[in-house]
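In the two complexes that follow, subunit A is the common piece, with subunit B as its partner first and subunit C second.
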Partner chain A sequence: MKNTLCLIKVFLQVNLQMSLAYRADTVINLLLNLMWLGWELLSLSIIFSNTKTLGGWGVGELITLLGVFRLVNTLMAALLWPATEKFNASVRDGSMDYTLLQPANSLFLVTFARITVWRIWDLVLAVILVVAGTFMSGAGTSPLSLLYFVVLTLSGVLIIYSLWVVLIALTFWFTKFDNNVTILAALLDAGRYPSTVYPAWLRIIVTFVVPIALATTVPVQALRGELGGQQVLIFLAVSAASLLVASQVWKYGIRQYSGASS
Partner chain B sequence: MLKIYQRLWQVTWAEQWQYRANTLMYLLYWLVSPVVYLSVWTTIARSQGSVSGLTANDFVIYYMTLLIIDQLTSDITIYNFASKVQDGTLSNDLIRPIHPMLTTTLVNNMAFKVLTLLALLPVWGVLWFLFQPDFTGVTWQGILLVIPAVVLGFLINFLLNAALTCVAFWTTRIWALHEFFMALGTLFSGQFVPLTLMPPLIQSIARFLPFQLTKYFLIELILGRLSPSDIVQGYLMGVFWLVVSLLLFRWAWRNGVKKFSAVGA
Partner chain C sequence: MPQSAAITVEKLSKTYQVSEREGGFSAAVRSFFKRTYRDVRAVDTVSFQIEPSEVVGFLGPNGAGKTTTLKMLSGLLHPTGGQARVLGYTPWELKREYLSSMTLVMGQRNRLSWDIPAADSFLLNQAIYRLPDADFKRTLAELDELLDLKEIIKKPVRNLSLGERMKCELAAGLLHRPKVLFLDEPTIGLDITAQVRIREFLKEYNRRSGATILLTSHYMADVTALCERVIIIHQGKLKYDGGLNDLARKIAPFKLIGVRLGDSAAHDLSRYGKPAQADEESEMSFIEVRADQVTLVTARLLADLPVHDITITDPPIESVIEQAFNG
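For the complex of A and B:
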């Protein structure tokens, strides 16, 4: 455990140094990020200037949802997308060899190899949105539903992470599979709004096939007090099972890997 | 000249066809947000009957038309060209006796468009089946009227993006600029919601900007929701922006290409 934390610290340091070489770019990225946040809030205000509720959800709840969505989005943009890019290249050119030779869990190394450090700011923004949204939706938030919310957000994120692991592990079999995560990236946008407003077929896709909704809509539903303890336990079990499956797929995948150059 | 375009078409089509799997994936990105907005606004319209006079069906046909119009007026110049400037491979294009932007890049755009449209059609059919839109308001006149407007909209979009891509001759931070330009499009083109539902201030600004000429104006024109004076005004605005974007592009290209130093090649 201590080892792991130490490794994460080193990864952060290296990536911080890399991003400090491009200070101006970092500033521009931050500004662009704020601009999109402004647009997201404006779009919510446009929606709610035309209606009081969206599928039964008030404006506060949608701001909370936006916060959770941004949390998931940050996870992707700060960790998973950069990692995917590096991983795909490393399977193709054989530099995956060096990752496998290191005395640490290979999946861990692949996940944290590249971190877009300035995105940590995005996490702060996301938390602010969640807190502000929860206060705006006002009464009815019990400590228990708050706990459910946190637990479900984490388990939802783990389920999406497991899906990501399976998708990139497919590269071990196909070698050249640059589009491995496109389906995840493309459907991510559907997490901005409660999945209950989607037609049934789309709801099924974002819940079961590419389960974006499990990390966005479902936690906010818990915050609204719509979910019982039993359901929360089911979601926890599902996320544990999906992590298990993903790590097995990863293991089999590595066995397929034969190196490219050597 | 026609022969040059013909030959370029053959080459770029073969090139794009080679990447057809990529194109399909691209389409997935394009599909999701209109379908999401469609669901959001039809939910609202159903819960209260209508939104500022727009019924659920109005939203369905708006976004379904948007899917096609968006493809028709879309432009991929920056993806195609910016890297050539940055890694110096533009040199190969520059020694040819034809304008790299107005020939290869333009034709490549067309090939990409045809390919994505071919892929979009079956998807659109499925969406038709799922949403059961009622397109009875669409007339042949509307469709005929919109064709020149689509060409105009595409040319404006192409030239503006080409001018923007030329900024790559001066700076490497072209993608940030591109993102900013895209944000303006999100705000003013009507891709989030029909512009009539936007705040009045944004509506009145949008009327004078080129972005709605690539989406909102065309969609409303097809759906027959515009008065004759709106149509004339839209076309005039289109011609105005065509001239402006042409001048912008010529200026950016002439001055930019002088800066080109063929780094790394």
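For the complex of A and C:
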């Protein structure tokens, strides 16, 4: 555990140095992000100037949801998309060989290979949105539902992460599969609004096929007091199971890679 | 207790399935729907042993199975048959203890991150290999002394010359003080000075650390400078395992003499030696001449013919091996 944390620290350091090397890029990205946040809040305020609730959700709850959505989005943008890019390139050019020969968990190395460090700022914004939204929706948030909220956000993120692992592991079989995470990226945006506002077919997709809703809508539902302890446990079990499945698929993928590459 | 071998390879085999098709559009469409596969035996029941701190050259023409063997020994590939033990481990089990005590350096692949200085990548390696600070610094100082790294590891890798980059790649592969080194074409593409530098480094590194080294190279000079023993494989099969001196005597007791003649008349060079491949670009014609006859033949050539330019070289490794085992 201590070693893992130490590794993450060094990864962060190295990536921070990388970001600092590209100053203009970092500054522009920070500004762009603020602009996006403004746009998102504006569109929420437009919606609520016409209606009091959206799918039964008030403005405070939607701001919380926006916060959670941005949290998930940030983890994707800061960690998984850059890792995907690096991973796809390394399978093609063979530098994956070096990753596999290092005495550390290869999935860990692949996940943390590239971190877009300035996204930390987004994380802070996201947390501010969650806190502000929770205060705005006011009473009814018990400490227990707060705990559920945190646990469900984490398990939702783990489920999406597992899906990502499976998707990129497919590259081991196909060698050239640059679109491996396209479906994940395309549906990610659906997490911006509560899944209850979507038509049934889309709701099924974002809950079961590409479970964005599990990391966005569901935690906020817990915050609204809609979910019981039993359901929270089920979500936890599902996330543990999906992580297990994903790491097995990864292992088979590596075996496949070892069997086929020359 | 007798010291056991560092590397033991027993009847190691690797068969690939490659999809193949003929050229052309319709063949491409057909193969999209129905692939035909062919088995390629890249490595075929190869056996050898390497003792601790030996430096062995691993030779063979392109596609002979060298890289495949190195990849199996480093643990990247599972063999389709046979056994291998390196430092007592079965490589493809990828045990952490094993990975921490070996290194694979491939001249044509990058381990280092392109955008940051090598020094930063080294820190990452330190964390991954869990090297204590003191050890890490000592090793780095030693590598710096041998490779003169101080300045180049501060620059982003993408700004380095090929030679400088290779120095950094080697250093990155050696920070954890591996006991076994697998080097695949470590000098490929480098200019002569850089080649010599890398060669001297490997020699000195081996002397100091007692590490076992198995290396492939297309440059005969690499092999003659570093290895007393060579293993040759051809089409996946082991063809020779023994001293380098014997190899030269047995297989390549000749040199290549190349001449560019001043007139366009067709001269018959076969009177002087066995004609070899001509080089169109430099308009050089080559003949093979036994090593002990080189001075004699050169003198005759110069006396008999209007020679504008003359070179004497070792035959390329590829052709030596090709000739010895095919011809």
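We take it that the second predicted complex is superposed on the first by the 257 of 262 C-alpha atoms of A that agree within 3 Å, B and C clash if a C-alpha of one lies under 4 Å from a C-alpha of the other, contacts with A are read in each partner's own complex, and residues count from 1 in each chain.
Rule of thumb we're sticking to: a residue touches a chain if its C-beta (ideal position, glycine included) is under 8 Å from a C-beta of that chain, and two chains touch if they have at least 3 such contacts.
Just so it is clear, the structure is predicted and the values come from calculations on it, not from any experiment.
A.B. asks: For the three-chain model obtained by superposing on subunit A, do subunit B and subunit C clash or fit?
C.D. replies: Aligned through their shared chain, the two binders fit side by side on subunit A.
A.B. asks: One more residue to check, A:A186. First (subunit B), second (subunit C), both or neither?
C.D. replies: first
A.B. asks: Just subunit B (first), just subunit C (second), both, or neither: which does A:T141 touch?
C.D. replies: neither
A.B. asks: Touch test for A:L100: subunit B only (first), subunit C only (second), both, or neither?
C.D. replies: After superposing on A, A:L100 lies in contact with subunit C but is clear of subunit B.
A.B. asks: Pick one for A:C6: touches subunit B only (first), subunit C only (second), both, or neither.
C.D. replies: It touches subunit C, and subunit B stays clear.
A.B. asks: If we overlay the two complexes on their shared chain A, which of subunit B and subunit C does A:M18 touch? Say first, second, both or neither.
C.D. replies: So A:M18 only meets subunit C here.
A.B. asks: May I ask you to decide whether A:T207 touches subunit B, subunit C, both, or neither, giving the answer as first, second, both or neither?
C.D. replies: In the superposed model, A:T207 contacts neither subunit B nor subunit C.
A.B. asks: Between subunit B and subunit C, what minimal C-alpha to C-alpha distance in angstrom results from the superposition?
C.D. replies: When the complexes share the chain A frame, the smallest subunit B-subunit C C-alpha distance is 13 Å.
A.B. asks: Under the contact rule defined above, give the subunit A residues that sit at the interface with subunit B and also at the interface with subunit C.
C.D. replies: No residue of subunit A touches both subunit B and subunit C.
A.B. asks: Contact residues on subunit B for subunit A in the complex?
C.D. replies: Those residues of subunit B that touch subunit A are 21-22, 25, 28-29, 31-33, 35-36, 39-40, 43-44, 47-48, 51-52, 130-131, 173, 176, 179-180, 183, 186-187, 192-193, 197-199.
A.B. asks: Which part of subunit A faces subunit B closely enough to touch in the complex?
C.D. replies: 24-25, 28-29, 32, 35-36, 39, 42-43, 46-47, 49-51, 53-55, 179, 182-183, 185-187, 189-190, 192-193, 197-199, 201-202
A.B. asks: If you look only at subunit C, which of its residues touch subunit A in the complex?
C.D. replies: Touch list, subunit C to subunit A: 16, 42, 67-68, 71, 74-78, 92, 94, 96-97, 99-100, 104, 106, 109-111, 113, 115-116, 120-121, 123-124, 126-130, 156.
A.B. asks: Sort out for me which residues of subunit A touch subunit C in the complex.
C.D. replies: Subunit A residues touching subunit C: 3, 6-7, 9-11, 13-14, 17-18, 21, 93-95, 97-98, 100-104, 109, 255, 258-262.
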